[in-house]
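Chains: A, B, C and D, in written order; residue numbering restarts at 1 for each.
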Amino acid sequence: MTTDVSFEAGARDERALSVWAATLRFLLRNRSVQIGGGLLVLMIAIALLAPLLWTVSPTRLDTAMRLRPPGPDAWMGTDPFGRDVYSRVIYGSRISLLVGLTVAMTAALVGTVLGILAGYIRWLDGILMRVMDGLMAIPAILLAIAMIAVLGAGIGSVIIAITVPEVPRVVRLVRSIVLSVREEPYVEAAVALGTPGHLVMVRHILPNTIAPLLVQGTYICAFAILIESILSFLGAGVPPTIPTWGNIMAEGRIYFQISPWNIFFPATFLALTILSVNVLGDGLRDTLDPRLQRSV
Amino acid sequence: MNADRTPPHSILEIRDLTVRLPPGGDRTNAVENVSMHVNAGEIVCVVGESGSGKSVTAQTVIGLLPREQLTPTSGSVIFEGEDVLTLSRERMRGLRGKRISMIFQEPMTALNPVVRVGRQIAEVFRSHGLEPGRGGMPSISDLLESVRLPEPERLQNSYPHQLSGGQRQRIMIAMALALSPSLLLADEPTTALDVTTQARILKLIREMQDRYHNGVLFITHDFGVVAEIADRVVVMRDGQVVEQGPTDRILRNPQQDYTRMLISAVPSMVPAKRKRAPDAPVALRTENLAKTYGGGSWFRKGWEVKAAEAVNLELRRGQTLGIVGESGSGKSTVARCVVRLIDPTGGKVYLGDTEIGNVRLRELKPMRKRIQIIFQDPYRSLNPRRSIGKSLIEGPTNFGVPEREAWARAVQLLEIVGIDPDAHARFPHQFSGGQRQRICIARALAMEPDVLVADEAVSALDVSVQAQVLDLLTDIRDRFDLSVLFITHDLRVAAQVCDSVAVMHQGRVVEYEPVEQLFAAPTHPYTRELLAAAPGRHWNFQAFCEATETVAALDG
Amino acid sequence: MALYILRRLLAVIPVMLVVAVFVFLLIRLGPGDPAAQLAGDAATAEDIQRIRERLGLHLPIHVQFITWFGNILQGDLGMSIANNRPVSSLILARLEPTLMLTLTTIIFVVLVAVPLGAIAAWNHGRWIDRAVMAFSVLGFSIPVFVLAYILIYVFAMWLGVAPVQGFVSPTDSLYRFFAHIALPVLSLSTIYIALVARITRATVVETLGEDYIRTAYSKGVRDRDILLKHALRNSWVPVVTVIGISIAALIGGVVVTESVYNIPGLGRLTVDAVLASDYPVIQGLILVFSFTYVLINLVVDITYAALDPRIRY
Amino acid sequence: MSITTRNWTAGLLAAVVAIPAANAAFVSSADAEEVVLRAVKHSALRVLDPIMTTAYMSRNHGYMIFDTLFALDENFEPQPQMVDTWEVSDDQLTWTFTLRDGLLFHDGELVTSDDVIASLRRWGERDAMGQELMRYTEEMNAVDDNTFEIVVSEPYGLMLESLGKPSSNVPFIMPQRLAETDSTEPIPEQIGSGPFVFVDEEFEPGAVAVYRKFEDYVPRDEEPSWMSGGKNVHVDRVEWVNIPDHGTALNSVISGEIDWMENPPWDLIAVAENAPNVVGRQLQPLGSQGMMRMNFLHPPLDDPKVRQAIMYAVEQESYMQALVGPPEYYEVCGAMFMCGTPLETDIGSAPLLEQDLDRARELLEESSYDGEPIVIMYPTDVITLSGYPPVTAQALEEAGFNVDLQATDWQTVVSRRASMDPPEEGGWHLFHTNWVGFDVANPIVSQGLVAGGREAAWFGWPDFPEFEELRRSFAAADGAEEQFAVAEQIQEQAYENVMYLPLGQYIEIAIFGDHLEGVLEGPAPIFWNIRKND
């Protein structure tokens, strides 16, 4: 019996790492992942570098300079307060991405925890899923609007308000994966091997949720960015003291005919960002989990 | 076998057919330079293991190759004088169902679930501008009657899910033969069926072929079926024809090693002789074990299924107890109950002297290592995200074995089951089905169990691989003095590995005898039916001759 | 079957109870004093207190909930603070435009998206499929209000082929109804066409891979019949499910669309109520929308059970 | 692919093309013989009781269905409207009024003295000027059905101005049974004696309000002038449509779907006026005044130096640019009682007209301010208000203040501004609003100048007893010259104390189709006298 085969932990980790690297390489071969991911990375770069990119402070008013068309002084024109649309749009990318990514991660995290609880603790399942059904019955935008009315306008409350309606969807997803994977022979084998319940969950069941969650997470991210802009546009979102794309458009909407740049530029950035996340999501789904469907 | 027919003329002639696989596969062509022919009134069996290209051949003939994935690159398929490879889409459609028809493996999914079966049969006529029961065409009822379906009038208004698998396959046959095609392609039409149903369907195909005098290209992996039905045999492997010839010649005198190997790998119906200690201690015992599903919900009071009832079994150390039964007989329920993957609703399970059927999960845990299970599907039995090494040490480490020690043991076990120990860091997808099943066995052995439950553990494997895994199972049983509870639907396999066999039917054990006695003198009618239905029971495949010692009493 | 329907009906109760509790707490815990609002600029503290008592706002919260919930069960959704009318009458008055808008949209979506998805699925992997998918992903990415403005600008202002705003009841003039509803429906439906086309495509692609499709081919069934009679007929369950579920999301679009096109429906009422902090109206709207959503999905489920021979209950 | 792609595509195209092609088609009314005037108001009509609330929409609604005893003409003179004749006793204490004959309520009942007295009493509970009048009033008696008298405790010079008060709250006359409704509760039905009848069945709050001509209304013979004179109605029906989106509303005036739009955003007026069939006109004579109000109760704004620092830090022009935009629609004006009124004066206003950050910093340095954030309420949903707070915030920051700009909606501002709590506990430091010129045109009506502290003053609660006395003396002043002198004094002190800051004066334009004829000017929108030509 040869025991000189190397079973050192380091060697194993290296292999595990290379699995991730291989997965990443595999993902990057997908055209949608390339396009969507590339665009998204560009948007994130803009958001991160925003303070270097804007030409004047995005909140600086100059009432004498209001509603100027795009030109050398103001690349994307000025808004009704004479603020620089370009600087505001650049700043807005921070808010949109912050909201999108935070909502996606929070919803995924909370949803996963609740989904596992529902899928594993039988008595909790009924109660939890009724509550989730109830939440899902309330149209997301209405729920968000009502929650913002209670929590008060602010980025934090917008994030919470958009997250809450998304959580049930993640819970359902995770729960269904837990319930179906639990029937897989390899999970049963692990049970037969005496593996404790929490380890079965962590080792054998949870990894199955990563790919669907990643895909679902991108869709939630796109949806959150969209909802944030709609809420701001309706005047029920991030306070207008903070330049978000929705706010810029809301303030520019009545001047649509005489200064379309107030709508055009933020709308373009908004659509491009959502598009990039959606395309990325489609690419991830195609490569990771083709049977997964998107839900609204 | 049909020598008394009119001189054969060739209906189908495949010449040098090559079908290319999409790039990136493990070989360039799905089939390569394949030539064969089918005459009128003849059943030609194409035999091969998975990936041999036998289904692709049939799909090429009827023009159903997956679009843009498989493309015929050379050769010709001459059907009634025309090369179907050159026909237009519409012309090809005109042939399908009318001149060439096909039946498939899965009767459960091959019928449209939301359309009544009568309409589905009628659709064959209507797609070719005909009406059932008019213009000399048979009516739906005629057709249903001809495939021996009872109450044709009622049945044609049924939906597929209301029918049994055998009934659905009969509907498929009725549909395929509705317009009296000259060629019938049958792609493993009985593989998904229970053995008794299989026997009836095979009989029906023969009958129908006698009546319509058409040619049949019958695809199968099972030499038992071949012996039962074929006039001629074509053996395929890796997309190429290995050997072809009349059935009798192939079975008696195979020219190629591969053919020999395939034929001899079919387990014998004659129980293997083996010494066993009659007074070995009892390793596993069930006492009136029962499992009932349903009945829990307030709204579903009426819905209740007794999956297993009053099951009394006894497995002694070092022996193999087989549970044989068709699908739905409750054999897997029993297996999962004794391993406590599901909780029995009645009766007791003793592992040695300890009752484990009703204890709470906490108390159960120490008992877990004494009984292990191997599942049917080798592709789903290993966590695809964990290296096989990690899978192997999982059990022992659960019971406090230091990791280093567990690794060492894992290496040993890999060697025992015939896997290169250096492969411990690989992931399941890098292994074949047979290798995975070996790894599963190693994983179970790592626990040093007393009892091993094998739930259809070889059913999904090709016959040659199946033989090797069976050998391995027998080997480790003897080496580790294991007791094996062997769940199978296959009588041949049971005959080879079991010391005693319990036959289950509708949740109950109907007969429970030592293996020799069960095969030689079955007493329960169901057991007799089961034995009589085993395909190729007249043939001794290992000896390449007709069976001498058989269950002759059951013939007829 | 009756038992199944009863069971599904009973299942609605806990869901709606959750909604009710949630809505009540959400709104009652909110800031802003409705009494002060109602009293107006020149009100004194006593005025406000009098109004508080009239509205029952001085009672403990659980008493308020019980009273409120009891009233709801009797169809009384309370009084609008901003309009001083029963919420139920406000909602009833605004029902028709929203109903017509959503119904027209759903019909339009089904008429466009299902064929689009089916064609894409049939041509799986070819350019037409890619075009449909590209449209779909684009449809997901354009905010409804941006689209609405573009449509107004192009069709109403520039080409002058559609009115800018408003709603005409189909009972008054069918022609003018369609004229007014055309742009709102186009704006509202884009994202749902994207969604439904996508689901249809995915389902039909999957269905086309089923064994019985292969069987149908082997019978010589015509392509058209394979798509219509076999693939689509077996695809409608997921498609209808998505249409049912997306009604919740449709309502979000309705809120925006009605605001932009000045359609006096429930969406407009929602925005007005939010801006006026008219809590009873918000409560009533959420309850009505949620109840509608639950009911529609209930009907969808029961329809499956009635129509799909495979579904047992 | 032979599948029916083509059919489907064709169907789709057909569906899209089927969208009608002619604009006129959408305008054509279902009931062609009726003359309908469709107007978009500046906001939605919600509360139908013009006494319970000061909301201008409710006031406008009141002018449709109710009538008034007196009404202001274009010379700011109260003229009799429902009243036929009146006289004052020699001691100036008893006023006797006789109503015109044949005044009918919409339910067919005659208007009686009892109705008038009940209506005045209810108005007197709510309205500031009404409250003032009631303080002087000893009793109100019905002499007969058509005649009533008001007895005052001492001579009251603003009697007719009060009864003819043009803006919120207007002393509308309603049936006694309605007027007996508690003044904090809305009247249960809409019955008046005005020239229009409210169509309750067609009222959709927030969407549309419908009025039809009151056939039995008897107009006066005089030419109409502002709210006075003959109210002759020439249309069958008036619909007030609420279109919250200004762009949409404007476009529908251009396309002819709507006849009239109140207060479009100033930047868009040019767009409308460029359209061939649309005209824009200022209908409300005085215009409006912006106002910044500080909270006198809490530090640091209880310190006059800090308030003055703010006055120096800001300048009117920026506000007007941010709010209005095009300069032809606004005027920088230091007169607290409006430019263009008899009381116009720019005394004390210099610091407000020119930004002086150095002086502001200086004052701040001398003051008690130690860096606490100034809470500015920022209502974002009202376009005529959302222009101010960011301008203030930026100016204050430049002057060295810390600013907490709290975005919210107008309704929240309305309830929060009533809070006397410290800013950090739900109160506030500073908010902005607008007043119609008539509501600030003299020291008595102007709420911002009431300095009676927590009990009597308007939100912000300045408490200056001497100032309050000065203000009272205006009511007693005899003659225009004396009034002006008092007003000058009041304004000077008001600026010194920074009672409030006028943010400039702007006019509002109504745009309407040029097919409308006879559109009248007045302190509130007037729908009588208009003819709709084809």
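Methods note: a residue touches a chain if its C-beta (ideal position, glycine included) is under 8 Å from a C-beta of that chain, and two chains touch if they have at least 3 such contacts.
Quick caveat: nothing in here was measured; it's all calculated off a predicted structure.
Counting C-beta pairs in contact across A-D and across C-D shows that the higher total falls to C-D. With centres computed from Cα atoms alone, the innermost chain of the structure is C.
Centroids built from CA atoms put chain D at 46 Å from chain A. Chain centres here are Cα averages; for chain C and chain D they lie 38 Å apart. Our note on geometry: chain A versus chain B, Cα centroid distance of 47 Å, whole angstroms.
Under the contact definition stated at the top, the residues of chain A that touch 2 or more other chains are 235, 253, 256-257. Under the contact definition stated at the top, the residues of chain D that touch 2 or more other chains are 245, 251, 381, 409. Not a single residue position of chain B touches two or more of the other chains. By the touch criterion given at the top, residues 59-61, 63-64, 66-67, 80-82, 153, 235, 239-241, 253-258 of chain A touch chain D in their complex.
Residues of chain C touching chain A in their complex: 14-19, 22-23, 26-27, 29-31, 133, 137-138, 140-146, 149, 153, 157, 191, 195, 198-199, 202, 206, 238, 242, 245-246, 248-249, 251-252, 255-256, 259, 270-271, 274-275, 277, 282, 285-286, 289-291, 293-294. By the touch criterion given at the top, residues 62, 64, 68, 93-98, 101-102, 104, 106, 109-115, 123-124, 127-128, 159, 161-162, 172, 175-176, 299 of chain B touch chain C in their complex. Residue ranges of chain B in contact with chain A, taken from their complex: 336, 339, 341, 365, 368-369, 371-373, 375-377, 380-383, 385-387, 389-391, 394-395, 398-399, 404, 407-408, 411-412, 415, 421-422, 424-425, 427, 440, 443, 447. Against chain B, in their complex, chain A makes its touches with residues 1-3, 5, 7, 11-12, 15, 19, 184-196, 199, 203-204, 207.
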